[in-house]
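Okay, structure first, notes after.
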């Protein structure tokens, strides 16, 4: 993986207050091209809010968001999309009245004009069909979104994001609800995107997927960063276990680990 | 779209274009098959539905009486009178469209719609189509200042509506009041009538202490009354329609507004709804009206005003006519007399005959200025006395003395 | 000063009447997200019921509010159950158009049955008034109507917050799916809500008949006032229509004093647009209702 | 509100395999609407000599409503923002033209263009705060704007003649443009209708059309895909207002005398909405079919059932809304695609 020194997305001291509740406080985050950052944490930890802050769907109370050096802190969502930041939604948001192909064509029509390609409808339709093939929805262009399976609906979300030819992709629980057999192909797809040089961030509850694919993991708890680090280190950290499973399990896990360390030595 | 659909679309298009080149049917013959057809645009629904239905009743009386008396004699042939109705839903642009439709059916003689707005719109169409219109309910003087030559209003112009009440008070009221307050609805007709009343009041030396305007067709005039109350006027005059007219009297009672002399209003008092809804509070209110059963004049079709009232009563189950009925019949009468005088149904001849008409009638004298207004006919003033609209002015057709101060 | 006080008093009483007219409209919109364009026609129907009862048996209009409300409740229940329910899941302007068609039918039916005459239900006392110092008058008729508006709103709040039916209505309004899971028959509850709203409109109609005049052409005006009052007061709060009505009454009364009489309606609409632009949830409404994303 | 319309017939055909020849199908898809539009124009011109003045006037009114319904569809159908105050722009166009012709002695053609610009700017100004609202709130806010505008016009008697109306001089010395006559107005409304439908075709098959439909389906998702939702909504609202203003201006010149309560009559807006919804909102063909059928139906009812025509019109609207909630065009397209034509099933679609 090419370790480029300069992050595409740099977030500093991000926070978001909803009335009395501080959903996110003091969040620092960097996304590097070709690297996948996992974001985990119990429900209500502020994971989705974090994504919304990084895509303009929520205005930060404090802090700053830079994309490619450009300050998009309080920018509206379409400015993020034009800057190459694409996202999927936790609850899929297809354009129900359009066909699958048209859903994806919208992205192709409104992406940044980086490559000078003409953004006509026919060009967008062709690009859409290619993107559908890429995510494994080839031949389903004429179906209505409602006719897709859960897995295919997730693929459509991905396809809509990829149609923007993004440089950054934020995935909001894209694996949730998928059966075991459907998760592996999804992970392979995400891995191929990483190899293409996209900067990726994945909010996820499917722990074994995070463990296997993420380069680095951030753990959020009550809106604050509990810890960051390699997946293996993070998963064995007592505070993380306590945050997820509560006090008792944290103690029991600690005793079990001490016992195994004893045998090993 | 597959080939099949594309071809289909092209064929449909071609078909449409070819049918367009068919021939045009000949216009339907009108008026020469022993029937004299008049076209009427009426508001049977919408804001002025009530007045529209009264107008239709007036036309029905005219048709029945004229046909009972042998129809219309012109150029040696006897025509049966027939009036065609269409509903203009109280909207001016629909009235204009209806009169165009009559023109296509060869109906050249038109009876005007209710209200100054629609009448103004129809007058423009009548002028363009070379038709002739007898206008029974469009009194705004502005209509006749536009150079139209083919529209004639049998009723007195708007400026005389309020002025006649001021004149009646000046002639009959003792002790003579000094201060007047005017309340006017915000439409063309009412505003013209108010200006006529104000200039007459100033001319007769009265002091005009208030001039308030209220939204058209409103039922809440409390703001205007609250402003007038501290000025303690002797007389409050309303240039209104039915809903504002009732509201003025009803809300004055609620707000304790009591002019020392009394109330006077246009349009509303003569209509039965006024007395029915206000019951006792209507007592003593003055009202200007185009016609009363005491109006002077008569002719061979309807006889005198009293004869007309009796004819109407028998045809409509014992109900007394109101001036809206009478003015509608008068418009129909004017056209009938013009056709007889012209001896033909040719619109231009009928127009000239109508312009030159000068005859007494159950509705009063019918004589038109070059612009088409009937200024010779004077309005009458009634006063609600124990629930009835009694003519009190002018003196020659008064049925009872004026009760003054009216709010005693 | 007395003039201004008189305007304020009259404005509040007029506001009470407007609140009475608007409360049913606000309930239907708040709970079922249906804008009932025929609401004005229901108010009118209430007035005609009271008029018929008065002419037939000489019943006082404020008394005949009850039979008018019951009759309209039945009619409202049937209209919702077998007509509006057919399209209630559709896009917003579907329910708007359905109720617009219904208004045309009802108004012209009444025009046919009761002619276009301007009617009013005479009562001996309605126009009499309480005299305050400075000759400020409080007309009995409008006072009763305003007090009834308060009473009916309190009753509605009680029914909504304290009774099983009320809670089932609110629950269905919040989340139809969840409510059905808990065994609430949504079709019945919606019809019940519409019935209650129609009953309130019927009662308002009887009051309107007692204090002022009405004719078939007034239906549109009643619906328009209900719009303005409901939005001013804010949805999702049973008191909304009352606040909205009172504020609208005052705005019109004060507007009438400070500006030429004809500007009164312009002021009311200006207030409506300003409230919607800068505080969509109105005076007392809940933001949830204002932000609700319709299909 | 699905989007497929004449301009995008491609979906009606069989499943398009990725490698299908895109050029031939898309070429035909793009030209079919223009061919139909040209045919419509030719038919209109061919029809004129066959008509009596009143029939001509009636067809002009129908053409006016085709233009108004199609313009309303831009914001109400495509973007899903149901503006219930569209008559504000209709009246603004009418009064703008009347004032310019009466006070500034401006020619009608210049005044019409200027009025369209005024309507555009007014809609953009009003749109800023109101386009943030959704659903019923937007509908009622725009209704408030229309009613408010009528009151403002009524209360400027010196300028607009207030309740007494204002008359555009159409013959004699001080008439900037002579009255066009029935034939002239028929052609004017024909070209206006064709122009507005052309705009709709362009929008429907362009990036703008996609943006508006995306906003209609899910505004957040649309924003996430790079659509500047505020700009798109405002342009659609202001564009539709400008077109409506131009039609209002032509109508005012035709009527010669206009009044506030008729120029800002909410019934005109509701008629537009009825036509678009029954015809099929969000499509190009829908409003045209809706406008023609509803206009002729209400006219036929008015002439043949004079006493009860509004009662029957109301009944017709209720039946049509219940049977075809998604509108005729969408119903036909869905039925053709799914080979299911039963109306009863259609009724159950939105049932509680």
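Chains here go by letter, A, B, C and D, matching the order in which they are written, and residues are numbered from 1 within each.
Keep this in mind: a residue touches a chain if its C-beta (ideal position, glycine included) is under 8 Å from a C-beta of that chain, and two chains touch if they have at least 3 such contacts.
Just so you know, these numbers come straight off a predicted model, no measurement behind them.
Participant: Looking at the contacts, which chains touch chain B and chain D alike?
Facilitator: Common neighbours, chain B/chain D: C.
Participant: Based on mean C-alpha positions, I'd like to know which chain lies farthest from chain A.
Facilitator: B
Participant: Count the C-beta pairs in contact for A-D and for C-D, then report the pair with the higher count.
Facilitator: Per the contact counts, C-D leads.
Participant: Could you put a whole-Å number on the gap between the CA centroids of chain A and chain B?
Facilitator: Once rounded, the distance between the two centres reads 75 Å.
Participant: Counting in whole Å, what is the centre-to-centre distance of chain A and chain D, each centre being its mean C-alpha position?
Facilitator: Computed from C-alpha means, the inter-chain centre distance equals 43 Å.
Participant: How far is the middle of chain A from the middle of chain C, if each middle is the mean of its Cα atoms, in Å?
Facilitator: Measuring from centre to centre gives 49 Å for this pair.
Participant: So the centre of each chain is just the mean of its C-alpha atoms; given that, what is the distance between chain C and chain D in Å?
Facilitator: Those two chain centres are 32 Å apart.
Participant: For chain B, write out the residues touching at least two other chains, lowest number first.
Facilitator: Residues 45, 186, 215 of chain B each touch two or more of the other chains.
Participant: Name the residues of chain D that each touch 2 or more other chains.
Facilitator: Within chain D, the residues that touch at least two other chains are 1, 154, 162, 307, 310.
Participant: For chain C, give me the residues that contact two or more of the other chains.
Facilitator: In chain C, 108, 260, 262, 265 touch at least two other chains.
Participant: Using the touch rule from the top of the page, what pairs of chains touch, sorted by label?
Facilitator: A-D, B-C, B-D, C-D
Participant: Provide the residue numbers of chain C that touch chain D in the complex, in ascending order.
Facilitator: 29, 33, 35, 83, 85-94, 96-98, 100-105, 107-109, 112, 176, 186-187, 190, 220, 224, 227-228, 231, 260, 262-263, 265-266, 269-270, 272-273, 276-278, 280, 290-294
Participant: Report the residues of chain D in contact with chain C in the complex, numbered from low to high.
Facilitator: 1, 76, 80, 82, 84, 129-130, 133-137, 139-141, 143-145, 147-148, 151-152, 154-155, 162, 219, 266, 270, 273-274, 277, 281, 307-308, 310-311, 313-318, 321-322, 325-326, 347, 349-352
Participant: Over in the complex, which chain C residues touch chain B? Could you list them?
Facilitator: The contact residues of chain C facing chain B are 2-3, 6-7, 10, 14, 108, 111, 115-120, 122, 127, 129, 131, 135, 137, 139, 141-142, 212-218, 252-253, 255-257, 260-262, 264-265.
Participant: What residues on chain A touch chain D, complex-wise?
Facilitator: Within the complex, chain A contacts chain D at residues 55-57, 76-78, 80-82, 86-87, 89, 93-99, 101-102, 105-107, 109-112, 119, 121-122, 124-126, 129-130, 132-133, 138-139, 141-142, 160-161, 163-164.
Participant: Over in the complex, which chain B residues touch chain C? Could you list them?
Facilitator: 45-47, 49-50, 52-53, 186, 212-215, 217, 219-224, 226-227, 229-230, 242-243, 246-247, 250, 253-256, 273, 276-279, 281
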